[in-house]
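Paired with chain B in one complex and with chain C in the other, chain A is shared by the two complexes that follow.
Our next item is the complex of A and B:
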């Protein structure tokens, strides 16, 4: 009797998980295999596919556009990561010191995080336009017009500012819950020893916040490799291809230049690059933190 | 002195909050302003619905059916959210509450799956959808997102935490598995269901690259893609473009405000 019940349970278990496995085989396993086959092939979606082994990868590393986008990506990080980490940390520190209206502040910053990618790209495109409100302001105050999206370095910075706008609420909350986990007694003990504000910040807050810092770094790194909507809609990759991203390159290679093989090898390289950055960051930044 | 700093901190945070909501305020106000006041004037001299009338009526003749796109977006998002919730609950139940050989292997495989970023699959998925003959259909947008490894993971984890006595009691009363899932497990873990539902809905509503690739027929586009194409071609119609942006982003904001409690929980959950 008990054995029979067990068999029934196993059949139920397997049929439910089987559903998942069949779906996954079709929509995950099959594309996975095709990704590898395509990366090793030359094809245009129509005529018969040809195996060319690692030619796609070899060509990729000699491709000027690939290196252009590679530089763009790190150029973007150079702006984005310090800005987003600095401001999220400031936001979290401010949040910790207020009692009233805390939920209001959190919601005000988080609502940016749920804005639709297409909509907020459009809004910032109009806000930062040459004749837009922001330039009206700078003209009135300083008499200058800033070409936010049409000068190469500025365009990269503008997109970094937009993405920062979207993610400070989220990253700030990560820092905030990290701060909440630091015991107040540590600060009190340090004060007894005569530690000043900055000593406390650099000797207690920063080291103990390490897990949150690593998390935000990892999130913002992976985000950087996934950017598509903002430059696609606002700059189209310009000016002079300085805001061209890896995702745009994958998209245009596969569906405009009709070269899915090359695009697949690119997708694999980008994923590996993104992992490489994450692993490197963890290795350099991550520390064992023990909170008693 | 301390009081002075405290007050300046409040002032600073209030100013920053307003600054952060400002793009929304500007967008909503601009969508109700007469066209010539959108740039140059913050407060409108009068409110008008002309931009909304334009995108809901005139845009149809320009081959940009906004109402249809809004319907498509709703259909796609609701279908995917329901699909993810139902399949995640069923598979999560199997992986947490039924004992069978290979269960842990499947669970580990699901975690393994989550390592791979979605963009790796876009090109081969396109090939699959093409082979299935589904290019230019709403099904092609729905199908690849209908089951989520993350959703199954979340449900499995929270079902595991439900004490066994509840299930035993329900079984004594003769409840079958479906009843147990729907009436015992899901209500006891309602925050997980809300989080998975919320993030899935927002994610699919905002999805841009995949429908951009797979749908080129204007009558089948979700709002995100239709709005982008309208902005690219008719970007100078500032009012209608902004009215369209309001349509696209406001459902997400409203849902966020309604479910904000779960959203915050979801964020703190993802930290563990």
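Our next item is the complex of A and C:
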């Protein structure tokens, strides 16, 4: 009887997870195996594939463009992560104070997150143009024209601003839920002990928000390695290749330069880099937090 | 049992009756789709033994990506259109295209379609693998209404003439003489440096693919970089000008293809009648009695070597392109100039040309429009041109002649 029950349970379990396993095997396992095979091969889609083992990886570390993009990615992080965390946190803190129309504000900020990358890239391109409204304003007020997309550092910053705009709502909500979880009694106790606003923020809010901060950090780090649409449409990787991203490099290597083997090795290295950054961040930032 | 034998017989007979089925892919463009839908239906109705299974190139990031995926997965069509030179070179090098001049009546068809000198520019090694369908000369547009206000009754032709009107019209960061650089993507080089180079050099090639040499570090190349440099250093041009700077008067002139005509007509009717179309600018010393060459944004048709029905596929190609009426219908439907040298002289096109003077301006340069180099390294070469030539000049990182020499040696290394 017990054995039969176990078999029935097993059948139920397999039938529930079976579809997912099949799906994963087809859409994840199969491409993953192919990715490894391709990374070890020389191929151009057209002629027979040839195993070259680790040649693609050796070539990759000697590739000037790879190192340029590597620097670009970390340069982008330097702008993007502080800006997105700062503004998302501000949004969350603001949201906590808002009593009326809170859902409306949340939705308004989330609209950016669901909008098409192509559409908002075009809008920002017009906004930041040499003769665009933003420059019209700076010229009228201060008599200066800001080369948003023409100066290497400013172009990186401009793209960081665009991506920040897209993700403030999403990351802000993560912070907001973290803020909601901090017991009000802690603040009240701190006030009784004479703690000021800043003390409360740095001694209570920030430490107890650690899980949310780690989550947003991890999400924004992985996002940095996945940027494609904005620089592809607006700057084409320029000026002087300073906004060229890993995804652009992988795409152009695979489908424009017809070198899927090299592109696969790039994809593997980028995935490992991104994973390494996430591990490092968690090690450096993550703290055990008990709210109960 | 009898029933199943009968069914088998029916199936066999229908296969025999249908005969050959050719898979044919065309560009995913609504206007071109309209043309091919009618054309293929006409063929299928009158050729029951060779049926065309027509579809547009499957949805993907680009046509090249879709075709590559099809090749990798063994779903290769028999014939496909929308093949640009760089991609053609890659396909030819992989030995998966049929040399079209292997058909005995290839040159007969070329002469019937009056396209011999156009086809000559598509030679790869000793053969011709691509049948050019259309050729878009890249031309310069000027705002004649503003030029008249500035006191000019004709558009500028040479660099000095552009400098003169630019110095009169430009206000730093507000309005500019002309759009000179089209963008920072590799393909933008077709529409700026390569276009200007063809114009300045009289249509000479910028690469010698067979000898792996870059040819653009010469007098014509020097003239072109001098022009680009002067325009940027004087603040008479800029990139990142938002959308439609030409129609809003932010720039007086810009480089466009014929596809822009319809957009200009429908979106900017107030400006449309004040547009004048000229060939790209040339150095001051360029002879006035010589035709001005330009870049041809051109796509062609190829036959894949995997086809089992070469003769049938060739028969279809011949049927389409030996009929001038189909070229006329193509032109009227798609607004793209067929790759023919008689567009202005053949009376069959006259009515359309008379009714579409802007299109006629483009058609007048089909014979002088040169396709890009047939190299497998198109992206790499034009990436180098972008970073080490155009951007270097744009941002004044080095003097134009050093940028020209540096980019030329980098291209040579890449080709080697």
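The rule is short, and it goes like this: the second predicted complex is superposed on the first by the 265 of 292 C-alpha atoms of A that agree within 3 Å, B and C clash if a C-alpha of one lies under 4 Å from a C-alpha of the other, contacts with A are read in each partner's own complex, and residues count from 1 in each chain.
Note that in this section contacts are C-beta pairs under 8 Å (C-beta built on N, C-alpha and C of every residue); 3 or more make two chains touch, one makes a residue touch a chain.
Being a predicted model, the structure only gives us computed values, none of them experimental.
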Could you tell me whether chain B and chain C fit or clash when both sit on chain A in the superposition? clash
Can A:78 be said to touch chain B (first), chain C (second), both, or neither? neither
Of the two partners chain B and chain C, indicate the one touching more residues belonging to chain A. B
What is the contact status of A:181 with respect to chain B (first) and chain C (second): first, second, both, or neither? neither
Name the contact category of A:25: first (chain B only), second (chain C only), both, or neither. neither
Partner chain(s) touched by A:173 [first = chain B, second = chain C, both, neither]: first
Which holds for A:279: it touches chain B only (first), chain C only (second), both, or neither? neither
Which of the two partners, first being chain B and second being chain C, lies in contact with A:206: first, second, both, or neither? neither
If we overlay the two complexes on their shared chain A, which of chain B and chain C does A:105 touch? Say first, second, both or neither. first
Contact-wise, after the overlay, does A:189 reach chain B, chain C, both or neither (first, second, both, neither)? neither
Using the touch definition from the top, say if A:251 reaches chain B (first), chain C (second), both or neither. both
Considering only the listed stretches 57-65, 111-119, 165-173 or 291-299 of chain C, which one runs into chain B in the superposition? 57-65
After superposition on chain A, the chain A residues reached by both chain B and chain C are 45, 122, 126, 129, 131-132, 251, 255
Please name which positions on chain C make contact with chain A in the complex. 61-62, 64-65, 68-69, 71-72, 90-91, 94-96, 172-175, 183-186, 188, 238-243, 245, 250, 379-380, 386-387, 391-392, 394-395, 397
Sort out for me which residues of chain A touch chain C in the complex. 44-47, 122, 125-126, 128-132, 135, 139, 145, 147-150, 235-241, 251-252, 255-258
For chain A, which residues count as touching chain B in their complex? 6, 9-10, 12-14, 16-17, 19-21, 23-24, 26-28, 30-32, 34-35, 38, 45, 91, 94-95, 97-98, 100-101, 104-112, 114-120, 122-124, 126-127, 129, 131-133, 136, 165, 168-170, 173-174, 177, 215, 222, 225-226, 228-229, 233, 247, 250-251, 254-255, 260, 263-264, 267-268, 270-271, 274
Touch list for chain B against partner chain A, complex: 6, 9-10, 12-14, 16-18, 20-21, 23-24, 26-27, 30, 39-40, 42, 87, 90-91, 93-95, 98-103, 106, 113, 116-117, 119-128, 130, 143-144, 146-147, 149, 152, 177, 202, 205-206, 208-209, 213, 224-225, 227-228, 231-232, 238, 241-242, 245-246, 248-249, 252-253, 255-257, 260, 263-264, 267-268, 271
